[in-house]
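Structures incoming, each one as structure tokens.
Look at the two complexes coming up: chain A is in both, with chain B in one and chain C in the other.
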Partner chain A sequence: MITLLLIITPLIAGLMAFVLKQGSSAKTFALLASIATLVLALVAVFTPGELGYDIAWLNNLGSRITLKADGMAKMLSLLTAVSFPLIFTAVHQNTYKNEQAFYGLMLLSQAGLMGVFLASDALLFYFFWELALIPVYFLCSLWGGEKRIAVTFKFFVYTFVGSLLMLIGLLFMYFQTADQSFSLESFYAVKLTAKQEMLMFWLFFIAFAIKMPIFPFHTWQPDAYEQSPTATTMVMSGIMVKMGVFAFIRWILPMFPNAAAQSANLVIILSIIGMIYASLIAIRQDDIKRMIAYSSIAHIGLMSAAMFTNNRTAIDGVMIQMFSHGVNVIGLWIIADLIEKQLGTRQMSQLGGLAQKAPVMSILLVVMALANVALPLTNAFIGEFLMFNGLFQYNMIMAAAAGISIILAAVYTLNMVQKVIYGDTNSFTDKATDIPFNVKLSLVIIALLILVFGVFPQPLLNLTGDTVSALFVKK
Partner chain B sequence: MNAIIFSAILGVVMMFTGIFTNKKPVITLTAIIALVVLLSMNLLNSHGIFSIQIDTKGLLHFNKMGMFFNTLLIGATLIFVLLSGTEIEKLSDKTADYYALIFFVLCGTAILTSFNGMLMLFLGIEILSIPLYILTGSDKHNLKSNEASLKYFLMGAFTTGIMLMGIALLYGATGGFGLTNVGTGALPPSSGVQGATFLQVAGLLLLFAAMCFKVSAAPFHFWTPDVYDGAPSVFTSFMATIVKAAGFFAFIKLFSANASLLGPTWTILLSFVIVATLLAGNITAVFQRSIKRMLAYSSIAQAGFMLFALYSNNDLGTEGIMLYTVAYCLATIGFFAILMKVKDYTFDGFNGLASTQPVLAFVATICLLSLAGIPLTAGFFAKYYMLASVIKAGGPIWIVVVAVLFAAVSVYYYFKVIQSMYFKEGQPETSEITSGFKMGLLVLAAGIILVGVLPSIVLNWFYF
Partner chain C sequence: MSKIAFLVPLFPLLGFLINGLGRQRLSKSAVGMIGSGMIFLSFLTACFLFGQVYGAASVSGGAPINSVVTLFDFIKTEAFTIPFAFQVDQLSVLFLLIITGIGFLIHLYSTAYMKDEAPHHFARYFAYLNLFVFSMLLLVMGSNYVIMFIGWEGVGLCSYLLIGYWFKNGDYNYAAKKAFIMNRIGDLGFLLAVFWLIFKLGTVNYTDVFANVAQLSAFDITAITTLLFVGAMGKSAQIPLYTWLPDAMAGPTPVSALIHAATMVTAGIYMIARSNILYTMAPGTQTLVAIVGLATAIFAATIALKQNDIKKVLAYSTVSQLGYMFLGLGVGAYTGAVFHVMTHAFFKALLFLGAGSVIHAMHHEQDIRKMGNLKKYMPITHITFLLACLAIAGIPPFSGFFSKDEILVAAYSSNPLFYYIGVGGALMTAFYMFRLYTLTFLGQFRGTHDQEHHLHESPSAMTTPLIVLAVLSVLGGFIGIPAVFAENKHWLQQFLSPIFAESTKLAEAHHLSHTQEYLMMGVVTALIIAVIVFAVNSYKKYTGNDATEETGVGKILLNKWYVDELYNSIIVNPLHNLAGLFKNVVEKSGIDGAVNGVGKLVQYGSRQLRLIQSGQVASYVLIMILSMVIFFIVWFNDLTIMRFINKIF
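For the complex of A and B:
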């Protein structure tokens, strides 16, 4: 029941937000709704065992509304539920034209994301996969930057092609199931020939790789992150990319273990190319948003490489990193948004001296930046350490190549810190003031999460342990 | 039988309405009542409560599926008249005549859903087509409408000739007009020669070409854009939905019974037609400036998807074509109703519609999402069933992949309209919009979403 509420609450709140009266405070309404969802998610996380919900839907198609919350699903719904209040708090003082629609669409995308993480029926999963996409498309196109229409359309078409290919895969698998059903268990039980398995693997792979994105399917991402309103970018990079990672672990790896093992080398090499390539580009960026976007590709690349190592340590690392990266990158975006809103520029070359003008913000920026570099004591270190550990056991040379990206990450992140907060103030940064209370609140919570899970990650590992064990039992 | 008889009678009734009254709203109201009568007569028939029995000597065969399809088509016509009746009134003083012609078209569709032999197929197609030639040219003072009508008539007449030739050849081969005896006289497989005789193959191929023309499948689609563009928009909407769906029904009925005669060639032939139709429709639609013309090409593209029901030829395909008809008719009728309210048919003419007419823009968006096949709309399950039927029939994956790639292309031109409405600034000129019209549109949009979430609503009704 609680799993259903996790989806229904943002869905109904989102629809209600549209019909709120003009002038009433949609943002407060959205914040309250997202906090209600957070409470539900916390209840779900602290309820031991697997939660589920099941009701008939499309009987003659063999599809049911089946929701299931195992450790990974709980962890990701917690991430979703934590992120939205943080985002809403941080952007509380921003003004959006047609506010009701903006917050309504944001909440609808939250409902879609929750559904993706909780669905245990392939067709239902597909529905939510799209439901998460459509509101984000409208958010980016309506409130985005100058080139928004073309850029978000590219993003939409990319993901739509991917999901259609996945639909073919779903249908094919459906007709192979013994009981003609879309349920996850039936899909797991399907026995395919090696050739079929390979074909299906790639159909699903493309869909999820576009979403993550894995090199070479990443070209939509930097533009889309840059042009979207920052609140939406936070959703996209903090949570939506985790849809891809999640889908790999929930669908591809258990369904096509042999094909995944055979393709592992190729995927890992692609991921490592993507990591290094994105890091090198990130170094050259002057725009803060673009830099974060490329750094995000590099981090995701490590996760996709680790997933395919077929190594328990690495998968544990991926689990932790999904949560950590989501929280950390939202922190970085909040600061980028703050700088842009306050100073009217995102170019690092035009910034400088913020340490004198905005000391609190500078401290928090440094915390986020160190988490981005995965320094020990931050949450990202745990995840990356475990993933590199697994990768190292898989292949030493690949691990070494991937390791270069750590150095590069330090280069571009610290470079950004240096340019933004040190040096002398200039005409742009003279007018800077320190951060408003609501942003400070969001950032402090994120900084606490970074430090707490950096020192004490065991709760997260315990939470997702059952999913990882189940994954390795199946193989 | 009820549908055929009552549509003919009500058509005559509509014709005479024009003599007794000049008030156009009264005529429209009469038409709506007449459609409701026709719909209920057909429903009574399909539930076996009341039906007129006439011995047709086996020329017509009424089954549940055909009558259900009639219900869909008459229902779609009713929605069409409810939403766009005022547009028919605006065309000229001959409102009653237009309605009469629409009823005659429905008579043709009722024959097409129940034919059991080539003669009735031919009659149905002709009864359907001739009123359409007139409706296409009903905007008498518009040169484009005249051109479209003439073009449609000439090409249609030519196709009729081809069709008759095909029927004649089949008659020569088998000595009968029956739907199922097309294969009689075929060489037994033991004779070493593949299945059918030369006359049968030639006859079937000619029929195939003629049917492709009627449903505007490539490479026989060239008339479609000009005719759809030239005809008054209100009749384009009618032609692109109800008439086309009836054509598809006949096409599938004819070839699901006889395609096996063509052996493995059939699959190759149909794959070629499907891919060509998807290609021609989608790629050309991308480059259109006028939304009306874009819709004409997109209707070709949709036909490509509907052909999958013929390709798979199984129960999922049959259910799929029902659902496709519902989804496609709802979305197209809805979108055309909105299009007619906007003065400028180019993409730029829709700029900023969301700020001036939010309800219209919202419903148009739902219709376009449905046409593009996005989940939560009826169009998704329509496409879903088509793909599923092909995979179930063991069809090759490549053709499904091609289809979904073209579906992604279609997103490009459908979303261009959404982009114009929502993301661009402008002051589109619209004609007067009543609150009743808006309510009707909202109900339509709710229907599209309802079918998109629970397609079993339509399908259970089919299996009542």
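For the complex of A and C:
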């Protein structure tokens, strides 16, 4: 029941937001709704065992509303539930035209995300996948930056191709099931010929690789992150990319284990190339948002490499990193948004000296930066350590090559820190003031999450342990 | 027995939090009290632990002391468990005393040295300093390689924060960034070694790793030790990763003392001494360590000969002295290396703090060509500095003599060539140190009148640490009296023997005859004294007027062998250009171009098919649906499709 509520609450709240009277505070309403969802998610996380919900839906198609919350689903629901209040708090002082619609769409997207993580039925999964994405198209194209139309179009084309490939794949699998059912178990049970399996693997791979994104399917991302309203960017990079990671672990790896094993080398090499490539580009970015976007691509690259190592420790690392990356990247976006709103520029070369003007923001930026370079005792270190460890056992040379990104991460992150907060002030940064309370609140919570899970990661590792075990039993 | 071990790092952590969070509210004196006081409490705890370990060792008759204190499980997976645990034994306790003892003196000194800073910056400074000590304590106390790595990266972070402490200055920020990134290169090596250990042994705990070394193949051990050594190259500033350390003097001078003496750079020595059994079993790596160490010792010494910045000379001398320590580790003289860490900590802290006292008096002038005759104005600084110079030069019976001699004698047993080259470096050390001493304290004053007018001895908060360190620099060597003078008087060797017991068993013992050892000591000491006399005579009449430009070798040395320029042209710039190529060409026209090309192709196709009327998006959708239909027709017979359609309707 709690699983259903996790989806229903943001869904109903989202729909209600649209019909709120003009002038009423949609943002406060959305914040309260998201806090309610957070409470539900916490209840789910602290309820032991797998949670489920099942009710008939499209019976003659063999599709039911089946929700299941194992460790991974609980953790990602928690990530979704934690992120939205943080985002809503941080952007509380921003004004959006037609606020009701803006927050309504954000909440609908949250409902979709929850559904994706909880659905245990392929058709339902597809439905929620689209429910999460469609509001984002509108958010980008209506509230985005000046190049929003072109960028949204590109984003749309990419994800639409991905969605269609996925739909084709799901239908194909459906026809192969013994009982003509969309349920996850039936999909797992499908026996395919080697050729079919390989074809299906790549079909799904491209669909989910676009979402993550895995190099070279990533070019929509920096543009979309740059042009979207920052609140939406936070949802996209903090949570939505995890839909791709999640889908790999929930759907692709168990459904096509042989094809995945055979393609592992190729995927991992592609991922490592992507890591180095994106890291190098990040070094040369002058725009904070694009820097974060490329840095994020590099981090996701490590996750996609680790997923394919077929190593338990690496998957443990992916699990915890999904949560850590989500929280940390939202922190970086909040700061980027703050700087842009306050100073009117995102170019690092025009910034500097904020350590004097905005010391609190600067300290928080340094904490986020340290998490971005995965310094030990930050949450990101745990995930990266476990993933690199697994990658090392898969292939030492590949791990060493991927390891170069650790060094490059320090280069681009410290570059950013240096250019933004150190040095002397200039005409742009002279007018800077320290952060408003609401932004500070969000960032301090994120900083605490970074440190607490950096020192005590075990609760999160334990939470997802059952998913990882199941994955390795199935094989 | 060591239940209270966690207090040692806890105090500095508290100091960091209190001063960091209260920086806007606390007064400077409160900040100084908290910052220094926390380290002093750590020092007291460390003394207590030392007493415990020492007492237990004398009871157990030199057996290793099993004293791992587990706080909680840091990371626990199916494959391995990494406990958050501390190891309190002879080696770590010795380092604890050095870190907290010298750390405390540096904190105390800082309260006076930094007094002109604004209160919140003053608090920030002490918070960073406490965090630095905290990280170093974690590094030394950890009972496994992962906890060591936490401290390992932690000190990298703190050096970054402190080198860039005066953050308005772009050059300082650059130096800070360089330190962090160079350290990261080494850290990657360290990390890969950790993965290798987990892969082969499933554990990173020292006790388990060392008990199971037999399971490792020769290749594994060589690879692991080499990768760990790469980490040490970064942290302890060895060729090729040493260039960050001389630049690190951008930070306030007490920070340099902390980095060069008590924390950070000694981490690499500690790590190898801790892993001594692995290195003893990897003779190939040992040779590499010895050669890199020796090469660094000589190379850095040549650069120090020509530097004119008081802190730069000292920085290169640190790089050089660290080289000697690695030489010691490489030839199996683990005790000698640790001994040199300790004596070096005394006299290098003293030299840097003395330099700070000079810079303080000279109003931030660091160029020794503009100093001179400071002995007249700063008697305490002068005498203590002189004692430190004698100690680092290796004049008996000052502390540096004993530790350096121990390393060089061991090097001779391993390979006489190591010894001769090492002695060459020692002579250079004597020369550049006394060049520095003479230009600073002797001769005539060459600064401005204004500077001369304000020359003064530093306040007692600064001179007290100098005096304490001077005493230690003079007497510190007596804890390791070589057998040639008196049998069984090498206290340090006896104390540390359980740590190196396994390695000692494996290593072949070489003993030089007493006559030969006396002869070597005598000749080297005579040579060093000759060099000192030569250096003093050459520079005491220096007037600062000979504006002759350096040429030839001198110019190369002045420019530090152009290593920074070399790194820039073979690594930094090519990477920068490659990144630019990716950003501006590949990303824009390559990958994106291909995607847009596909888009254009589809548009072109649709135009031909006259499907464009409904706009671009619709045409995409249509194409997709069409291809989907085609796909299904190809893959399934009509029957299946009809069945599906029937189901829907």
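The criterion applied here is as follows: the second predicted complex is superposed on the first by the 475 of 475 C-alpha atoms of A that agree within 3 Å, B and C clash if a C-alpha of one lies under 4 Å from a C-alpha of the other, contacts with A are read in each partner's own complex, and residues count from 1 in each chain.
By our rule, contacts are C-beta pairs under 8 Å (C-beta built on N, C-alpha and C of every residue); 3 or more make two chains touch, one makes a residue touch a chain.
Every value quoted in this text rests on a predicted model; they were computed, and no experiment measured them.
Contacts of A:216 after superposition: chain C is touched, whereas chain B is not reached. Applying the stated contact rule after C-alpha superposition, one finds that A:145 touches neither chain B nor chain C. In the superposition on chain A, A:415 makes contact with chain C only, while chain B stays out of contact range.
In the superposed model, A:52 makes contact with neither chain B nor chain C. Once the two complexes are overlaid on the shared chain, A:172 sits against chain B and chain C alike. For chain A, the partner with contacts to more residues, out of chain B and chain C, is C.
When both complexes are overlaid on chain A, the residue A:257 reaches neither chain B nor chain C. Within the superposed three-chain model, A:385 lies in touch with chain C and out of touch with chain B [touch as defined at top]. In the superposition on chain A, A:316 makes contact with chain C only, not with chain B. Of the two partner chains placed around the shared chain by superposition, chain B and chain C are both touched by A:157.
For the contact definition in use here, the residues of chain A common to its chain B contact set and its chain C contact set are 60-61, 153, 156-157, 160-161, 164, 167-168, 171-172, 175. The touching residues of chain C, when paired with chain A in their complex, are 72-80, 120, 146, 149-150, 153-154, 157, 160, 164, 167-168, 170, 173-174, 177, 180-181, 184-185, 187-188, 191-192, 195-196, 198-199, 575-576, 578-580, 582-583, 586-587, 591-592, 595, 599, 616-617, 620-621, 624-625, 628, 631-632, 635-636, 640, 644, 647-648. In the complex of the two chains, the chain B residues touching chain A come out as 369, 374-376, 384, 387-388, 391-392, 397, 400-401, 404-405, 407-408, 411-412, 415, 419, 422-424, 454-456, 459. Those residues of chain A lying in contact with chain C across their complex are 60-61, 153-154, 156-158, 160-161, 164, 167-168, 171-172, 175, 216, 218-219, 277, 280-281, 283-285, 312-313, 316, 353, 355-356, 359, 370, 373, 375-377, 382, 385-386, 388-389, 392-393, 396, 399-400, 403-404, 406-407, 410-411, 414-415, 418, 421-424, 455-458, 461, 469.
Within the complex, the chain A residues that touch chain B are 57-61, 126-127, 130-131, 134, 138, 141-142, 148-149, 153, 156-157, 160-161, 164-165, 167-168, 171-172, 174-175, 199.
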